[in-house]
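Structure incoming, see below.
Each chain carries a letter (A, B, C and D) given by its place in the written order, and its residues are counted from 1.
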Amino acid sequence: MIGGGRGAFIGAVHRLAIRLDGEAELVAGALASTPDAATQSGRELGLDPARTYASWRELIAGESKRTGTDRLEAIVIVTPNHTHFEIAKACLDAPGGGFNVIIDKPLCHSVQEVADLERLTATSGRLLAVTYNYIGYPLVRCARELVHAGELGTIRKVFVEYHQGWLATDLASTGQKQASWRSDPAKAGGGAISDIGSHAENLAAFVTGLEVDSLAADLTSFVPGRRVDDDAAILIRFKPTVPGAPPARAVLTASQVCVGEENGLSLRVYGDKGGLSWRQEQPNELVVNSLAGERRIITRGSACVGSGAAALSTRLPPGHPEGFIEAFANIYRGIFEAIRAQSSGAALGDLAKLIPTVREGARGVRFIHAAQESSKNNAAWTRLDSL
Amino acid sequence: MIGGGRGAFIGAVHRLAIRLDGEAELVAGALASTPDAATQSGRELGLDPARTYASWRELIAGESKRTGTDRLEAIVIVTPNHTHFEIAKACLDAPGGGFNVIIDKPLCHSVQEVADLERLTATSGRLLAVTYNYIGYPLVRCARELVHAGELGTIRKVFVEYHQGWLATDLASTGQKQASWRSDPAKAGGGAISDIGSHAENLAAFVTGLEVDSLAADLTSFVPGRRVDDDAAILIRFKPTVPGAPPARAVLTASQVCVGEENGLSLRVYGDKGGLSWRQEQPNELVVNSLAGERRIITRGSACVGSGAAALSTRLPPGHPEGFIEAFANIYRGIFEAIRAQSSGAALGDLAKLIPTVREGARGVRFIHAAQESSKNNAAWTRLDSL
Amino acid sequence: MIGGGRGAFIGAVHRLAIRLDGEAELVAGALASTPDAATQSGRELGLDPARTYASWRELIAGESKRTGTDRLEAIVIVTPNHTHFEIAKACLDAPGGGFNVIIDKPLCHSVQEVADLERLTATSGRLLAVTYNYIGYPLVRCARELVHAGELGTIRKVFVEYHQGWLATDLASTGQKQASWRSDPAKAGGGAISDIGSHAENLAAFVTGLEVDSLAADLTSFVPGRRVDDDAAILIRFKPTVPGAPPARAVLTASQVCVGEENGLSLRVYGDKGGLSWRQEQPNELVVNSLAGERRIITRGSACVGSGAAALSTRLPPGHPEGFIEAFANIYRGIFEAIRAQSSGAALGDLAKLIPTVREGARGVRFIHAAQESSKNNAAWTRLDSL
Amino acid sequence: MIGGGRGAFIGAVHRLAIRLDGEAELVAGALASTPDAATQSGRELGLDPARTYASWRELIAGESKRTGTDRLEAIVIVTPNHTHFEIAKACLDAPGGGFNVIIDKPLCHSVQEVADLERLTATSGRLLAVTYNYIGYPLVRCARELVHAGELGTIRKVFVEYHQGWLATDLASTGQKQASWRSDPAKAGGGAISDIGSHAENLAAFVTGLEVDSLAADLTSFVPGRRVDDDAAILIRFKPTVPGAPPARAVLTASQVCVGEENGLSLRVYGDKGGLSWRQEQPNELVVNSLAGERRIITRGSACVGSGAAALSTRLPPGHPEGFIEAFANIYRGIFEAIRAQSSGAALGDLAKLIPTVREGARGVRFIHAAQESSKNNAAWTRLDSL
């Protein structure tokens, strides 16, 4: 693991998710940006001092020398966004054939970096997984399966929103660590659009399979002194899927100034035959409506979920709530499945097929850029393919 | 009453609302557009045959001759939208000083008509009330009172949505009466934007007091063969209220192709100190959040509602649900209060002050036009004052 | 109307319910227990002074002289419980063939009174309707229809609860009118068991059609100084319906000391094939579960409601909330239907068939008595037929 | 770990919970009741073959020889209920000072066994923790803290229910493993009352601190052929806490024939100053009501939770749902804290203080016995101290 030392939020979450199913072990780390903090964090986590590194460069250098079963199966990158590219590149490029990379979203900053990573991933043959964790929820997978099975018919309209309130005040100026780097344009690469908007984009794409053609985005910074957007409202037009029919549209909103909202990610999808609705804060329920007026609640783990990836992504019977960590761990189960398949040459299993890879990571970065570009042009329609 | 004969939805609702509190009586009507239907509808409602008219012109002519306590206190217009202007004008202009007018939204079609009605109302001294019924809900009034009292601080962001699914198929072609005229551009003057979008606009304005500066609207017709929009997504920028602070923004969505949504009107408002959320389908609850992390549920009729218009707008103790008809009747209670004040010269009471008048009706028509104009220009920002 | 003058809660609700559908008119009243208050209340309601009576005896005497279309079609009794019997008896017995009676629950106090009223109703040929208003909700009727259609299979278990918090303190000692007479054993005939427990009993019986065989009740008075129960917990065994199968059971709880509960009446019914759940505070939704794991939400007014009494009991499309008054008015619609059938000799319509009559009223009184008897005997099993 | 091999539900859950926080490791096991299955299960879990035992006796014998840091810190017993006593006794009694024991509820079968384990635990100085996992939820702990802080005043009434539907049919006869032993009176020691009723009892006791004085229980077997109860309805009277005030009462219901209910454990507590409500299926929300009419929603992880055990029991910010596994792991965190304190002689930390021990386990067994005894006597009041 690179990054994720004491005080880091997402690194600790990654470790919970990695540990949950007992399929992998954290054995080495460069956990902080200063040598002291890195060493201390490693000690706190019980890492072998020999594999606790003072910097990510040392980690890659040191671990590259190990081979066979002693070699790392993957490196997890949970550093601030602006460092993603350089570290990921170094991991993929590392002596001995590179390392598989697991990286938090967004994948990187620039569209050029995206292209480099796409190329490098292809040539290295390594896996680059981007932890868009929300698509690990079983009922998000169920929603995808329902859409793919045609239960909703041709999709017309999507509402996806991600509303939080924790940045409604100038938290960064108080020194709160999370808020600080996320509010620095150079480190975060954007504000709400980058931090949570990209999760919303990924969720909608995962469930519907639709591709964004163009968007019109209005980004705002409401909090005095903030240098990145803290609110984004985006109209989206998807690429056509059915000749003659109007292409589907979406409204995506992401905001971090919605006082009282905690982690309000939700998705609603409507087709010409049905509609569905899912809320991250009540993740064990999926509402499905039909044209005939039937409203069904599908609960995680129930017989109605079927036997596909949604069913495989659940550990407990219905009524025994699973949450954020379990969903995150489902992404890791897919990654571990993929790494085992890489070793054995076996075909990808159902969970491995759903991992967000460099493709999804690249799409996310292009989406962020298009939104920023559109907003600079007063919400002018901006085509993603133009980037 | 003009319009609202057999088979009409909203006319019957008006009658329920008028009757509920026993403050007024329906005594005359031109209830349908053909003489036979008008007569038969009048008979079914037990109207005096002498005051059952074959057309609205006859009604105005006949009733204008009555004076004193025998004279109508108001005429309710519940005809299709395209006839609103002509009838309202005739009512205000009627011999004997005109009639007070109660009219369903939208007030009329064109911006020119709006100006005429504004002028005519002013010169006649008559009341012109527009039945934006959703602002009759007690907790919508409570929300307004909270905002006005500063509990939310300076408003930053508003989400208002009105989602239905009943027009997800081509219901108009089946001859369904409601769907038919609402899907005819000449009669309805618009689709979702006109039918329900204008309710959403009114709700947001009522609660926040903010005025729309400009908007960017994307209107779509998803159902094959439909000639009006059935889906609207609108970005809104309000006029500034606090010097130096970014003006508030809103996202307004209105759609009639959201399969499974019944009458999904909802409002969320966020300021720099708090947020609130209300849903029309669960109207007896209002969620209020504070910066300090407190989440309160205010229930209709409870002590937390205070003693203003919100409290006066309730008939039953908390836990005894009130609904759509009661909210509608609250608009009528305000109208009756205003009519009594008109006669007696008394000051307007708390409920009368909240009636939507020609001012709100005019604002709604301008909003619809701006949205249609923006959409024709590929969602270009359009200023309301430019209309 | 007898009773229901100023300050009375339930009388005003009856008037709202009577008025809503425009099928009946209040024309005479003895609205309070003192002549002055009665006169003043009549004036406030705009009653003809000639038909505003100083006492219920005068009302019956005066109105008995009227005949034909001038004669009252029914008398509504909304006085405190202890006066029900005498007034109802006088109404049924009145010169000129008696009057139809509409009476608030509980029907009367003693089991002997019940027998008298049953006999008197039979001999007079008059209707005696008891306003158990909660069974007027459309989805309660839908629940009954589902049970009767066998969707739940053989019923095994029922949970019915009615929890309020408004009597958690000694409100009676503050002079609050509602609380005062309801807390007086001589006037109310019981506390929570009588006031709300009987509604719960009626709701469960209405939906399931099951008859109580015996019960074990634990009644408590929690609030210091209170002379009636404010909390009741009752185990119920129903009469067998399927030979060999264990008879169904229920748990009925009624409490008025549940701080924060407003009007928490709810019903859950489980059979060997399915289960259902309904809450009075969200009355527009009914949850239905099947053995196969399907969970459906049936909404009032939707196509899933079918075309029976549940559908006839609704006035608005789904998503337009109906509430307490509308449900109450559904009881009245049935009563008016029954009165019309009485005049015309027609068969009872679907709504008239569902009116709670002296039969249900009698069952309610026996239930209250059995519970009080059981509680005196330390919750010993008490058979209803033994009373 | 003893028990918990392939196909076992609760053993796998224990392992997830143990692993989550990375504080302990499973190193030895006798995972099944037959040698082959035990060996195979050990292999599947990657246990050292030298520490994979064919029977629990061999495990205790083998592991007793290990000392110092090589010695097991605790043994987890997740076998069917009827074997609990013998195994727990052997663990506590084992050579070398016995082992700490972690055991699934119910602790054992008979009241005599309870006394033996209480005595043995005291003399051995070992910890005996009983995994009543539901009290690991952060907001259950918050509820307890609110009650202890007096926010609800003197408790009057408790409703606790645990409703499931998975045993609504004769699942045991289909060979379903879970259903089979749980439906065998000799193995399970009871049905719903033992399996889930004891969780309900524990939850209510944990939050309120009240002690059961006596109870009246009606246990039923609804499913044909079932030999244990599948439905329990219990009236409870607590011991007095405030002189002169009526002792608090509870209604506890536990049922496994509620078709459609998944894992419906819920608790409602009402005092003379406030009330609260919590549902296991939405565990991240706690509703708290005050006499003044305020209704608050406290969310897990929010500032309103305070800084006690409830706050320490959470891993993620509000809005990031935690569920069943996390709550279970909170019990284990407390156990690990206690074991470390045992070694170091330090005082118990906040989480360790909340572990259910032999005391709570004993209370649970007495509760089950009292309920069974009462039910045999036709729901006669039965005092717990009489057992």
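Everything below uses one rule, namely that contacts are C-beta pairs under 8 Å (C-beta built on N, C-alpha and C of every residue); 3 or more make two chains touch, one makes a residue touch a chain.
Remember, it's a predicted structure, so these values are computed and weren't measured experimentally.
> Would you mind checking which chain's C-alpha centre is most distant from the centre of chain D?
Checked the centroid distances; the maximum from chain D is B.
> Please determine the option from B-D, A-B or B-C whose contacts repeat those of A-D, over half of the contact pairs being identical by residue number.
When the contact pairs of A-D are compared with those in B-D, A-B or B-C, B-C matches.
> Hey, which pair has more contacts between C-betas, A-C or C-D?
Per the contact counts, C-D leads.
> Please tell me whether the contact surfaces of chain B and chain C are same or different in residue numbering, using the over-half criterion.
Over half of the interface numbering overlaps between copies: same.
> Suppose each chain is reduced to the average of its Cα coordinates; what separation in Å results between chain C and chain D?
Result: the chain centres lie 42 Å from each other.
> At what distance in angstrom does the C-alpha mean of chain C lie from that of chain B?
36
> How many Å are there between the centre of chain A and the centre of chain C, using C-alpha atoms for each centre?
55
> What are the residue numbers in chain D that touch two or more other chains?
Within chain D, residues 261, 293, 295, 299, 302, 318 contact more than one other chain.
> Provide the residue numbers of chain A that touch chain C in the complex, in ascending order.
Residues 292-299, 302-304, 318 of chain A touch chain C in their complex.
> Across the complex, what residues on chain B touch chain C?
Against chain C, chain B makes touches at 9, 12-13, 15-16, 19-22, 46, 164, 166, 261-264, 280-284, 299, 302, 315-326.
> State the interface residues of chain A toward chain B in the complex, per the touch definition above.
152, 156-157, 159, 161, 165, 168-169, 216, 218, 220-222, 224, 231, 233, 235, 237, 245-246, 249, 251, 253, 255, 257-261, 268, 270-275, 287-291, 293, 295, 378-379, 381
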